Each structure stands twice: as C-alpha cells, then as structure tokens.
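In this document, chain identifiers A, B, C, D and E correspond to the written order of the chains, with residue numbering beginning at 1 in each.
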Amino acid sequence: MKKLLAGMMVAALAAGLIGCSSDVDGEGKKEVYKIGAIYSKTGPGSPLGEPEWNATELLEKQINDQGGINGVPIDIILADDESTPEKATEEMNRMINDEKVLAVLGSTTSGASLAMKGIAMDNEIPLISAGAAVGIVSPAEESKWVFKTPHSDAHAVERIYMYLKDQGLKDVAILADSNAFGASGVEQLEALKSDYGIKIVANESYNTDDADMKTQLTKIKSSGAKAVIVWGTNPGPAIAAKNMKELGMDIPYIGSHGIANQSFIELAGDAAEGVVIPTGKLLFPTQIPNDDPQYKVISSFYDSYKAEFGGEPTNFGSYGYDNIMLVVEALKSGAKDPEAIRDYLENKVKDYVGATGIFTFSAEDHNGLKADSMVLAEVKGGEWTFKK
Amino acid sequence: MSSLLQVKNVTKRFGGVVANRNVSFTIEGKNITGLIGPNGAGKSTLFNMVSAVFPPSEGEIWFENKRIDALPSYKIAPMGISRTFQNLQVFKKMTVIENVMVGLHTRTASSLAAAAFRLPRSRKDEEFIYENAMEVIKFIGLEDLIEVDAGNLPLGKLRLLELARALATKPKLLLLDEIAAGLNHQETLEMSELILKIRDRGISIFVVEHDMDLVMRICDKIIVLDQGEKIAEGTPKAVQNNQRVIEAYLGAADEKELTV
Amino acid sequence: MNDSIQFLISGLTIGSIYAIVALGFVTIYSVTKVINLAQGEFVMLGGMTMFSLIKLGIPYFIAFLLTVVIVMAIGWLVEWAVIRKAKGADPLSLIILTIGTAIFIRGIAGMVWGKNSVKVEPFTNDVPINILGASITPQSVWVMVFMLLVVLVLYFLIEKTMLGKAFRACSVNPTAARLMAISPKKMSSLSFALSAGLGAIAGLVIAPIMFPSYDMGIMLGIKGFSASILGGLGSAPGAVIGGLLLGVIESLGAGYISSGIKDAISFGVVLMILLIRPFGLLGEKNVGKGGL
Amino acid sequence: MRKGVQSFSWKGIAVFSALVISFPFLFSSSFYLTKATFAGIYTIVAVGLGLLMGFAGQISLGQAAFYGIGAYSTAILSTTFGLNPWLTLVISLAAPALLAYLLGHTMARLHGYYLAMATLAFGIVIHVLLTEWKSVTKGASGFFGIPKIELFGFTFRQGISYYYLVWAFALIVIILSLNIIHSRIGRALRSIHDSEVASGAMGVDTGKYKMQVFIISSMFAGLAGWLFAHMSYSISPGSFGLNGSILFLTMVVLGGGTSIWGAVCGALLISAISIIVHTAGSHVSFITSDFEQVLYGFIMMLIVIFLPQGLVPAIASKLKKQKQKSARANKVPAIGTVKGDQNV
Amino acid sequence: MTSSILEIKNVSFSYGPIKALDHISFEVKKGEIVALLGANGAGKTTMLNNISGLLKPASGQIYFKNEEITKLEAEKIVEKRLILVPEHRQVFSTLSVIDNLYLGAFHHFKKTGKKEVDQDIEKIFDLFPILKERKEQLGGTLSGGQQQMLAIARAIMAKPELLLLDEPSLGLAPLIVKEVLEYVKKLRDDFGVTVLLIEQNVSASLKIADRGYVMSHGSIIKQGSSINLLDDPEIKEAFLGHTVS
C-alpha cells in the first residue's frame, strides 16, 4: 500500500522532472528580457483572452524581428490560466520564481488578476493586468506593483452617461451578465449615476448561459426606462437585442465594450441595428480620423493582426498590445529590473499613445486612461460605425 | 416468568397480498425453536418482523416484556436480539475479525470525536472489542482465518462467520435464517453441533430452516406455517406426524392417501 | 398584468425545453434505471450539428432530419460503448460515469466547434405575435408545439406500439421481459437512441432562440435532470409538469423577486419539494435506485 | 495492548510524511510547489468527500459549496471585520458543519438520484448566493484583500511556508480520518457500505453515522476553504461552483472512496495529470486545457467501467490476494496481528 | 419412438461459493408432462433458470430439439419456443392483462401479424375466461391465481413447444392449485405442449405428470413414473426430514 503510494508520488514527480529538464538553459547565454504573460486562452474567459494571447505572440515576433529592444531580444513566456484563479496562481508563481521574469502581463479575467495581484505584491514584481475590475488597481496603497490597461469600466460608463445626457435620457435600466464582467459594469453604473443625473429604474441580470431574457426585459419595459444598458459578452447581449425586438421595445440599446466585435452583429442580426456602445478605437481602425493621435498605432496593429490571425483583434487585443508595449517602453528607457520598470511605469508614462488610449500613470492612478480614450460606436447597416 | 419472545396475533400485508395472517407463538428461554413451512408460506416475512426489518401490519411483538414491533432494527440488537442472514450479509470487504468486531458495536459507546483523536476512551473500547471478538472467533473456530477478507471465504466459513458476528452482540435470542442452506451433509452436522453448543451457553435460538434433518435434530419446538398461517406447533415428532403438515408439504392427496 | 402574462409565456417556452430534456431523462431511466447526465450534451449536439449541416449548404429540413439521426446514432454509441460496459453499477457510479461521458463529449465538441456561440435561423419568420399584450415569437410557439408533439409521439409509442410495451416490460421486470424474447440490452440501446433523439429535437428547436455553443449542455442537462426529479423519476407526465413548473418558477422568480438569484429560487424550490416529497411530485416510492 | 487492532499502521503515515517533507527539496520549482500546495488543499476536501462517498455511501455533487463557505466565512470575517484568521478558522469549520447538520435531515430522507439532485441544487444555490450577495461577498469579480495567516510573528506566504502549513493540516486530516475508520465507528461505516441490513441488525444506527460523516466531510471542506482563502489575496465564486464539485468527485472516484489513501492519491493524481498535460502541452500543440477536460472525462469513464472501486482499493486488494495466496502456500496462518492498512 | 425434446447432460452450477446443481442429467420426451420435485433449496428453480438461459451452467450441456442451447441467451431460447413461466409468476404488474398477453407474442409478433395474434388472444380468453373479464386491469391487481393463469397464458402466446413451469402452485389455495394444474394438463392434451414442471406439491403435481424426478441438495436422487413415486416412502423423508423413531 505504502509502496504503491510512494510509487505514484515518484511517478508524478518524474513526470514533473521531464518537464523541468526541458526548461534548463545553458549558463552564459546572451542577455534577453524575460517577460511573463498569463491570459485565458481557454475556459469561459477565452473570447476575451484569445485576442490578448494572439497580440502578445504577434508583438514578441515583431519586436524580435526588428532586433529586439536596444539590441536585446525579448522572451515572452505565455501561459494559459484557463480562466481560473488557481491556474493563474500557479503560473504566476512559476513566472516569478522559476522563470525569473522582469514583469508579468495579465490576466484576462478579474478573478485571476486579483489572485495574481497578491503574488505580485508579495514578490515585488510589476503586474500589468487586462482585467476589468477596479479592485485590481485600487486602493492605490495596496496596488503599488499593479497596473492595468483596459478601459476601466468607469470610463465606459462615463462615456455612456455622457451620451445619455446629450440625448436627454435620464431613466435607464440595466441588464447585466451575472459574471465578473457584468458585475464590474454594474458597480460602476451604480457608482457614477448621480454624477450625471441618471436614474436607474431597473437593475436586472442574467446568467451567461440563459436562453431567454424576456422576463427581465418585460420588467424593464414596465419600469418606464428610456434606455437599456446591457453589460456582458456574447452571446447574452445578442439574445437581449433579439428579445427586445421581439417584445417590441424600441428604446435605445446601449451595450458595453464587451460586444465590440463582429460576432455580436452576426448573432443578433437585424436586432443589432442601432445598438450603441462605448469602445476603443481598434474596433474600426479605418473609420477613425487620420489626425487622431492613435491612428497610426491602431491601424498598423490592426493590419498586422488581421494578416497574422485572420480575425479581429477586438478591444481585448488592444489590451494585450498595450500591456507589452508599456513594458517595452520601460525596457527601452533602460529599466532592467522589476523595480525600475515599476517606477518607470508609475512616473514616466505620461501621454503615452497606445492602442487602447492615451496613458498617463501616476501613484494614484494605475490605469492611466481617461474617458475620452473611448469612443461611441453604432451598428448601422450591419456594421460598427464610428459615432463620436 | 413470562416467555422471552411473544408474537401476538401478527398479520403482515404487502399491498393486497397477505403474507402472514394472525400468527401467535412464544419462544421460551434456553430453547431452540424452529420455524418451517413450504416455499412461500411466509416464514421469511415472519422472521423479518421478529428481527425488526419491517413492522407488522397488525399485532404485537414483545421481547422480555418490552414491545419491539415498532422499533428500527438497530435498536433491538442492544436489547439482546441478533440474527444471521440466509443470503449471507457478511461485510465482504472487511476481514473476518473486523466482521466480528462490528458485532461488538453496541457493546461500546465511544464517540466519533473520541475515535478521531484516539482518546483513552476509544482505545479502551478498541481493546475490549478486540478481546471479545477473538473470544467468539475461538469459540466458533475461525481463528485461522481472522485476517482473510470475508469475501474470499468459502460458504461453510461464511455461515460460521455470520454466526460469530451475531454471537458477538451477546444476544439473549439468536435468530438463524436458513443457516444450513448450501452446506453439505458433514457441514450441516457440524453446524447442528455448534447450535446446540450455543444453546448450552444459555442463548435461546429461533431457526428458520428447510433442512428438515437439522430442524428435527436440534429443535425443542417447531412452528409450522402454511399460506401465511400457523398450522401446527409442537415437538419435532408431533409435527412430523401431523396430517396438516404432511399435506402442506406434500400436497393434499384426495384420492390416494400417502402412506408412510 | 401584461407583465405576468409575458413572464408566464417566457417561463412556458423555456419550461417546454426543460420538459423535452426531462423526457429524455425519463425515457432512459424508465427502461434502464440509469440517469444519463450527458443528456444535456445531446441537446448541445443537436444545436451544433444543425449549425454545421446548414453551413455545409444542406437544406434546412433535411439538415433537421439528419441532425436527429446523427445524434440518435451518437446516443446509441454512448450506450453501447460506455453505459453497457458498466452494467449493474450503483447509482453513484452511474452518475459519475455519465458525468464523465458529458465532460468527454463537451470537451470533444469544444475542440471540434470552438468556443464561440453560433447562430441558427428560426424555423419560420421571427415576427412576434401579440397575445393579450404579451409578445411571443413564432419560434417559442414552435418550442411548445414540439414539446406537445414529443409528448404525443412518446405517448403513442409507449402506450400503443409493441416497442413501447417492450420498453415498459423491461422497466417493470427485465427478467420476465427476457423470457418474452425482449432483450433488455437492445431496449437499453433503443432508449438511449430515442432519448438522444429527444435531446437533438430540444437542441434544434432551441438553437434559433439561444445561440448554441459547445457548453450549452451543462445547464440544460442540469435543468432537465431537476425537472425529471421534480416530477418524480420515471414519470413522463411528471417530467412535463416538472419542466414547465421549473421554467415558470424561474421566470416568475426573475420577474417578481430578482433575476440575479432566479437559479437560487428555482433550485431552492427543488430542494424544498424534495424535503416535502422525497420522491418528487408524481414519483413512486420505490424508484431512485440504479442498475441496469 | 495490541497495536495492530487499535490503529492503522504508522509506517504509511511516516513514509508519506517523509515524501511530503522532502518534496520542496527535490523540486525547488515554485510552479510545482504551488501545484503541490493546491494538491494539499484538494486532498483535504477529497478525504472528506471520500469518507462521505466511500464510507457512508452518499454522493455529493455540491461539495465545493462547503469549500466556498469555509473560504468566504474567513475572508469576510478577517477582511471586513478584521478578525484574526486563527479565530475565523473556528467559523470556517462551524459554518459548513451547521449547514451540513441542517441539510443532513433532508438528505437523510433521500436516496440515489434524489440525493444527487439535492446536493447539486444545494451547490448551485450557494454558488448563486456567493455571486449575488454583493454587499457581503463583493460579487462575481471576487473578494480581495484577504490577510495572511500569522503564527508567532511569522507570516505564511505562498511558497514553502504555505506548502508546509497546508500539508500539516492535510496530514492531520488524514490521520484523523484513519483514526476514525479504524475505530468502532469506522467499522460500522464500512459495514453499512457492504450491507446496510446486516449492520442494522448488528445495532449500527445508520442514519446517525451518515449524518456525522456528512458533517465531518463538510468541516474538512471548510478547512480547505480556509487554507485556500488565506493563500490567495482574493477568492471568487468561480472556484466554488459545479466544476469544483465535479473535480473533487473525480479525485475520489479515481483514487477510490473506500480508502483514505485512495482519496489522497486521487487528489495527487489529478494534480499530476494537470502537470503532465501542462508539460506535454508546451511540446504538442493540440494538448490544451480542453484536452485536459476530455482526459478527465475519459478517466472517469474508464475508472467506473474497469475499476469501479477506484485505483488504490483495486491495487490493494490485488496485492492482498497475492499475499494471502502466498501465506496459504506457506501455511502460516497469521494469527493475532490484524494490520490496519489492509482495508484502508 | 418418442424422441427427447430436452436433454440435460451433467449440468453443474454455483452461486459464488454455494453449489446449487451438481452434475445433473435428465431428459424430457416430446408430449410428456414431467415433474421435477424437491424441497426448498434443492436446486429446482436454478435448474429451470439454467435451461431457459437466465443462468449459464458452469459445466455440462443442454439440448433442445437436439440442438445445443447451453450458451444461448434467454431471448434466443424463447425464439426456439422453449418458454419458462418463472417463479412468483412475474407478470408485468403495471401493464394491463391484454398488454401482458401481447408481450407474450413479442418474438413472433411481426411474422404472425396483429390479426392472428388477436385471434390467439381470443383463444386464450376461451381457455381462461377470467382473463377476458379483466383484460383492461393491470397485471399487478389480479389475485395470485389469476396472475398464475396470466403467466401461463402469456407463455402460451409465445407458442411454446416446451413449457417450463416454476412452482405454479406457489402461494395458491389448494383448490386453485388443482385448477391451475388442470389447465396444465389441458395444455398438453389440447395444444400438444410438452411440460416440465417443478413443484413442491408432490401429490397434486404427480397426479398430472407422467414421470418425475426428485432433487435434493443439487442432485437427482430418485426418478420414476408418477405412480411409483407417489408410493415411495422415501419421498416423505426427502420432504419432512428423517423420521424420528
């Protein structure tokens, strides 16, 4: 019995050893910059994580093809956390202690990012997350080593509220996914409503795998809402759009940046017409004005991404892009250790033009974006069009 | 002093089928009582009611002046009733000694917490259990097999194991359900000797059996069931020559009487 | 008032789906005493196969029939390759076995079809119909029609045909059935094929409503299982009642209490009903034990 | 005093402890250490679930809920209310136990598939509450800012110290469980599994012990939750849903619920499999986490079909049969020593 | 010369450690009624289950119409028209009487066609009028005797050449036993069905049987014509144990 157990342990360990040995590199190799990147390539977060993963692969190649950073190649170690905090924890420890990376990028989901945050703080390694939750970079005193590049939900909400104010719509309803993405959106929608004089007359949610949302929409309909804000990623919002049409609800449908992709339109079909969302500009690189400061960055990233992978990078691709490029900026400036990279990010990144927006980090703000990094898009004729 | 076990007017129905109708009998102390009857006569049903597998539909069962017919089966073991099973309900994945040790469950009382932390109470109980189990095993004659998984035993030993396990509870009344089923002649003989030996220890025994040799040899009193009803009661000899019993077993012969 | 009608219609639509899935559970259970927790995967396979066939350019109606046939074949295969091999296992093992099967099928589906949701066109146009101020889409009507159709066909099959009698015979007394030359093994295969077919139909009718994806089977399977338990295992009318009840509770719970905790409400109700009636609404007391 | 009868073999524990202690020295990699730490946490849950399934014969499709209650109890109390984690450990044990006690009365009336449904429903209800009771649990994004465990001024952080902390608890749980199954109550429980009728006739109060084991298993899950919460900076409801419950189930099924070591092995093997897939995945492109899921499903099917009692009991009984064969051949009846580990 | 329709050669069978059949051999000739007698636990039911394919012998062979059926599945053996009426009758309790009868015809239903099967059912109703009265009633709600008749009727629907009857008198009142056994005789006389019957009701069964075998502890200990067996004093001993003198 015990022998058996011991045998099993040894077998498991042996399997591990084989894994280890392949990672052993000879000493005295020439210098590389090692960066870790953990994204959700699989699992429920994969629609978000995949463009981030792809963008990371693409950029590593591009940078090294161009001779690296100041002549030093960059080595990005990619890992999939399968959208779980446990795997993210394991990978984060590997990145920091085994791979000895200078900084870690990721992860896609808030839960995983928060789990990684604790480890980054313990080990004093900079972490740049692509997660949505505000908790990733706040409170500031607990987030010294953690940054994030995605449009904060707050920005998206501000953008929406500004639009609603312009349109004179005060009474709104929320329909949000009950997952982390939706929850984070709702939190900001609630937090910022009074700043814009918005009244939330109905606050509904749905499960990611719900087939039908007519019940929630009926409630919204009766609540007298003048617009409905739907916060989630595909396919939920598409079902909501379809259900609204079926219920004959013609109030404006405001989406989140979670559906800033072509597949939303494909799924929702006609029902997508007129849907307005806040989004990064990467959604329609050809439509943004040439004089936009981000124009060059966005169009070149978009083109090379499309050429490499065929699909759209979506907003999430831009987070993957900016996460790397910010570290690369720091490395370029000569920051070669984790602390220097962190310091550079916090103090030197001012008006940096990224794919997501224009970043200005500070000790209090580790997100660095403003609401104007987002624009509004509307579905017209089966396509996302630049609205404002 | 009244009888050890009293079955009073017991009736059992399953759905519409009456398995036992108005059966009454008593079992005295230090006695072997047999329950026989043709297939389908309701022996098992009656036996199961006495061992509290299920309650009777009507009637009462008393043991040592306590009414037991509504009790769950686990409550009658501590009172002094124990049984074996015809279809061998040994704990197959446990060793012989562990099987017998389960029999001593009701004679100890240390709690789960005591067990988990191996408190002195638990240790003392375990020692008591082990010693008593060994004693019973030696009495039955299974001491060579204590470490063997019950599932690997041959039939004869399984029957002995069931007996040992039942004895470990220190019963006043031992119920044996077809204890000789499947045994060969020699084994059956040995079993009867063993049963008599147990009786001599002062334990009352109630057997359901279809091996007539065994029943006739060991029983002090026999109760005969047919069609759910008691049709005869008495000494083996009386029962064997009772016309109703012969009919029940061999069928009524209306034209040509069976002659013996 | 209009709201409650709308809630009811939504609840009945989704409840009809649960009912079809639950009938799949019952079909297998009543013949084999196996609860097939991979039933939801049959639903998923229905939706995804339909999508693929249409994408291949196969006409809608033919794709529909083909889907049912393909999924039935998979159901038959599952019985033959997996369930039959574990003959006589207890319910606990069977639950684990079919969960394993579900995970396996789902994993393969994820690799074959990818993770994204797909779209399947509705059977007929999607202009909603107005009833008492509530709106109902033609597809929702189809869902209910199919549910009733399935119930009718099953009723006819079980009550009026020799095959149905053989099914019932196997369920009451497999040994006696064998003595009538009815092979419980064959009936077990057939019941799996049949219930896979039911799953496929559920997948087909719901596909235009909910954008199928590789993992849609989990929740539908669980809801179908709940519905069949709620109604009482092995009871077809129970499954239908359970399914509709679950759908309506969910919808009313979301409508009048909170959409966030609607699942907690519906499963809370399931727990409570089990507390009051440990054998479901129409269940018999002696069921609940497994084994072929 | 006859040691053999009253306790299990300490040798097994000693060998296993030695392996546990030496692991970090053999494998300094932080990745393995983290994996092994999680494996320890899972072991605690699996041992509890193994007791429930293998010894009380009850299924639980909602074990992750107890795990989650343990984790959230401590997270909320130690963060929001600033209580010392050692203090909240009591709550992390008591809260699942209380719930199990209340639920146990319902469960006691249910059997087979109905029981499976009830535990499944319970798991879902708890998961929904963790997600939706935002004011307390901070909702789906996760609860964060959980303090670390401290002992005499030493802070347990992820890494070697936490590894040892977790495995110290895991070993305690294993020893307690072995103690239980080698006591009168353990034998009673095992007897229930073989023949409930016979154990009833031996005076074993089946319902009482099933309830006790249900409570114990929920407490173990709660303990694991406590360890998990304080390991990480944050916890989120996703870790405590159906997937988690099924993962625990897989561990027990794989290793074998009728043995404490089986549950331990199951937890370790599942962790090992994920390491192997991870390693293989970096070389072979189609081996992804999707493949891992397919593999889990496949393993569950194979085990139920070919080794329904699980790996460890299957191998143990084979070894034992051999031993008994050779013992019989040598005609050496082994009297007086009943080795405890034969049935574990 | 009457050929044997069923031949049992050296069949043994064990339930785990319990040996139930020990090298049993016997035969049944076409057109006979043969009774297999013995006390509880003698192995009679096990024998019938081995013949019908529900159990598989550990060793030995079974021939039906000179064809070996030892390894055939129960379902296939039914198709060869060897039908067992099992112990405790085993009617489909939640199916109606008429559905029970239809199921009897399951193996030849397609070949025979519904019309003919319906005619067969009418014939059965002539034989057992009580079943006609109760045809819509559920099998489980019938009385014991009626269930026994239904079980036999259901077996007849399968068009048997050899009918195995497992204790048709079990749990029935003496009058009903007589009635049931009368039907069995009628089956042989009017339908030409060969019957192998196991019974503990010795006198009643030997009255209708041509020959009998007596089993004890898994072996056949005695055989002979019914008349001879009825007169044999050892029979009583086999059933009631050693006579206490």
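We take it that a residue touches a chain if its C-beta (ideal position, glycine included) is under 8 Å from a C-beta of that chain, and two chains touch if they have at least 3 such contacts.
Labels paired with UniProt names: B, E = ABC transporter ATP-binding protein; C = Branched-chain amino acid ABC transporter permease.
Quantities reported herein were computed from a predicted structural model and do not represent experimental measurements.
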Intersection of the contact lists for chain D and chain E: B, C
Graph distance between chain A and chain C, where chains that touch are linked: 1
Most remote chain, CA-based centroid, reference being chain E: A
Maximum centroid distance from chain B, chain identifier (CA atoms): A
Mean-CA-position distance for chain C and chain B (Å): 49
For chain C paired with chain E, centre-to-centre distance based on mean C-alpha positions, whole Å: 42
Chain centre separation (chain A, chain B; CA means) in Å: 72
Euclidean distance of C-alpha centroids - chain B vs chain D, Å: 40
For chain D, residues contacting two or more additional chains: 131-132, 290
Numbers and ranges of chain E residues touching at least 2 other chains: none
For chain A, residues contacting two or more additional chains: 42, 178, 205
Touching pairs among all chains present in the structure: A-C, A-D, B-D, B-E, C-D, C-E
Contact footprint of chain D on chain C as seen in their complex: 35, 82, 85-86, 89, 91-97, 99-108, 110-111, 218, 222, 225-226, 229, 233, 258, 260-261, 263-264, 267-268, 270-271, 274-275, 278-280, 288-290
Parts of chain D lying in touch with chain B, wherever the complex brings them together: 1-2, 5-7, 176-177, 179-180, 183-188, 190-191, 193-195, 197-206, 209, 212, 216, 258, 317, 320-321, 324, 333-335, 337-339, 342-343
Chain D residues touching chain A - in the complex, by the definition given at the top: 9, 11-12, 15-16, 19, 23, 26-27, 29-35, 38, 131-132, 134, 138-142, 144-146, 157-159, 231-236, 238-239, 261, 264-265, 268-269, 271-272, 275-276, 278-279, 282-283, 288-290, 312, 315-316, 319, 341, 344
Touch list for chain E against partner chain B, complex: 15-20, 39-41, 140-141, 144, 167, 169-171, 173-174, 177, 200-205, 207, 217, 230-231, 233, 235-236, 239-244
Chain D - residues contacting chain C, complex: 53, 57, 59, 61, 106, 109-114, 116-118, 120-122, 124-125, 128-129, 131-132, 242, 246, 249-250, 253, 286, 290-291, 293-301, 304-305, 308
